[in-house]
């Protein structure tokens, strides 16, 4: 497997800028040709709730932003299953956003096998 | 006493669940606490800022949650939030 | 009528804190309550920066605070010590330079300005 | 009991500015004649570890700062016992700093009976 | 893999305790994790930035802690910290 | 010799993050390693403010970064987008104004500047 940058997004959308900061970092890295993988972990899993209504607080929908990642050649999006379960969410991979829900062992492998990691 | 909860940290609020005189208003990341807080605290002690709840999009996620589904949750407007803050003393904020 | 004093501790882009505080002010004023002042402390002092520029489709807190001040006369107080350490400077307090990046809708004050108002127990402090 | 402002300091010293920001807020409030009480809670209890060596990182000793509070007419300093115990600390009230170690019920009373609260 | 721990949050590191290939360097608020982390992870996997540990002043608090008392803890200088970061790939930071 | 690229995400007064990053740079350089650049993102962009003033007995990160740049030639890169949103402005990018509060030891760049360097797998990224 070739070297990749892993961007870990751990915060819920909107109330801090972390989610958007992670998104923009991923775009910039992919733009210069780095292989980028994204992991949503901890409160970051709230970003892939499809029914977000960001317009109610005049922000831009994070779910839709994530859906645009393949346009920027970022295809590898992972979501930590333990984080989903702990929060009682019912997030499945049948919406517009394509991602892999992975268990704790695979999350660890994803981190260990990366060349560089940034956590937001 | 009113506690403005802006964070999704259950351990920050557990000290207050047994005191029936304490009320909670959930906003920002605090709205994510709602499903778990409802298992510990009677719904009448919890208010949720409506616009922040809708931004999170959790209605569809928890539509089979007993309290959320049965409309026992008090979703409030900015105006109702101000009224709450005027009513209670002191108002403490958890970020 | 209730009187409120707001205490804002987060910067406007890194957090939605200032957005919540502003929404509180608007709703309180609409109800006929009074906002004695909004006080900016810790990273909240960055709200007073005149140089922040966000995209046209993003929430513009600079414009919102200016509006609150202009339309309703709400004093926007910035803790001078906290602001100086974080690079938000009001030229009135400098003899060596005319550099200033503080939004003129804001006023640089000592921290006591916040607490002096709380002698009036009718004023309720709300932290953001 | 007369009205008082409760300042709750919840962060360890140095690595964030929260502890010093809380200290300076307390001084300013006391300076204009407000009655101020201080509660150290959560990681804030690390501030009353007497053996801090802040000079190793070129900062000023937080313990010594707390010791100066009576000079500013702030006499009521409380430390949450549960926070001490959870961290395995052996903090006792026999050093230079005078404070009361209080249990969870009294912490709650202290908060409920206050007129205003600021949390740092 | 090396994890730079700058926060005192045990739940942020528990996912890594069973993997013997993962090492920890504790700095800033991460040094406060040391007593609890030593109950979960072998001391050879933990390094503690010496100046930050001393600033916290915890030596006297934990002088009867088995590992801390018996000098099994690796307190390191800035130089040794850089060496560690050069040795391990990737380096992840928890704030 | 190891090459490092540092990624700083916190402001200098609110956090000791920048102090740790600086200590890392000094130790790495003393060991003969190379700091390719220090990149400032999120609230880290406030490190580039020219207007921060701390007390004489407080850690002065502005001076430390200036020293690192002057003495060792380490490039100090500031993410322009992140900085603009947070009120740290470099006048070279503005036609409408001569306002500038960015420390001249720092350089305003696009975010790609950080990542382009990581194509070289010998360069190790360290986040602060």
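In this document, chain identifiers A, B, C, D, E and F correspond to the written order of the chains, with residue numbering beginning at 1 in each.
As a convention for this text, contacts are C-beta pairs under 8 Å (C-beta built on N, C-alpha and C of every residue); 3 or more make two chains touch, one makes a residue touch a chain.
Note that the structure is predicted; figures quoted are calculated from it, not measured.
Asks: So which chains count as neighbours of both subunit A and subunit D?
Replies: B, C, E, F
Asks: How many hops, at fewest, get you from subunit B to subunit D via touching chains?
Replies: Minimum number of steps from subunit B to subunit D: 1.
Asks: What chains, if any, are shared contacts of subunit A and subunit E?
Replies: The shared contacts of subunit A and subunit E, listed by label, come to F.
Asks: Give the chain pair, either E-F or D-E, that is connected by more C-beta contacts.
Replies: Here the pair linked by more C-beta pairs in contact is D-E.
Asks: Give the rotation angle, in degrees and rounded to the nearest 5, that superposes the C-alpha atoms of subunit B onto those of its identical copy subunit E.
Replies: 180
Asks: Centre to centre, using CA atoms, which chain is the farthest one from subunit F?
Replies: It is B.
Asks: Express in whole angstrom the distance between the two chain centres, defined as the mean CA positions of subunit A and subunit B.
Replies: 27
Asks: What is the distance in Å between the mean C-alpha positions of subunit A and subunit C?
Replies: Those two chain centres are 34 Å apart.
Asks: Could you please state the distance in Å, as a whole number, between where the Cα atoms of subunit B are centred and where those of subunit F are centred?
Replies: 40
Asks: By residue number and range, which residues of subunit F touch two or more other chains?
Replies: As it turns out, subunit F has residues touching two or more other chains at 9, 13-14, 16, 42, 124-125, 127.
Asks: Got the subunit B residues that touch at least 2 other chains?
Replies: 6, 28, 89-93, 95
Asks: Multi-chain contacts in subunit A: which residues touch at least two other chains?
Replies: Correct list: 14-17, 57, 59, 115-117, 119.
Asks: Which of the chains touch, listed as pairs?
Replies: Here the touching chain pairs work out to A-B, A-C, A-E, A-F, B-C, B-D, C-D, C-F, D-E, D-F, E-F.
Asks: Note which residues of subunit D are touching subunit F in the complex, please.
Replies: Counting only subunit D, the residues touching subunit F are 14-17, 57-60.
Asks: How about subunit A: which of its residues touch subunit F in the complex?
Replies: 3, 5, 17-18, 21, 24-25, 28-29, 31-34, 115-120
Asks: Considering the complex alone, what residue numbers of subunit F touch subunit A?
Replies: 7, 9, 41-42, 81-82, 110-112, 114-116, 118-119, 121, 124-125, 127
Asks: Under the stated contact criterion, what part of subunit A meets subunit B in this complex?
Replies: 12-16, 43, 46, 49-54, 56-57, 59, 63, 87-91
Asks: Which positions of subunit E touch subunit A when the two form their complex?
Replies: 1, 15-16, 19, 21-22, 89-95
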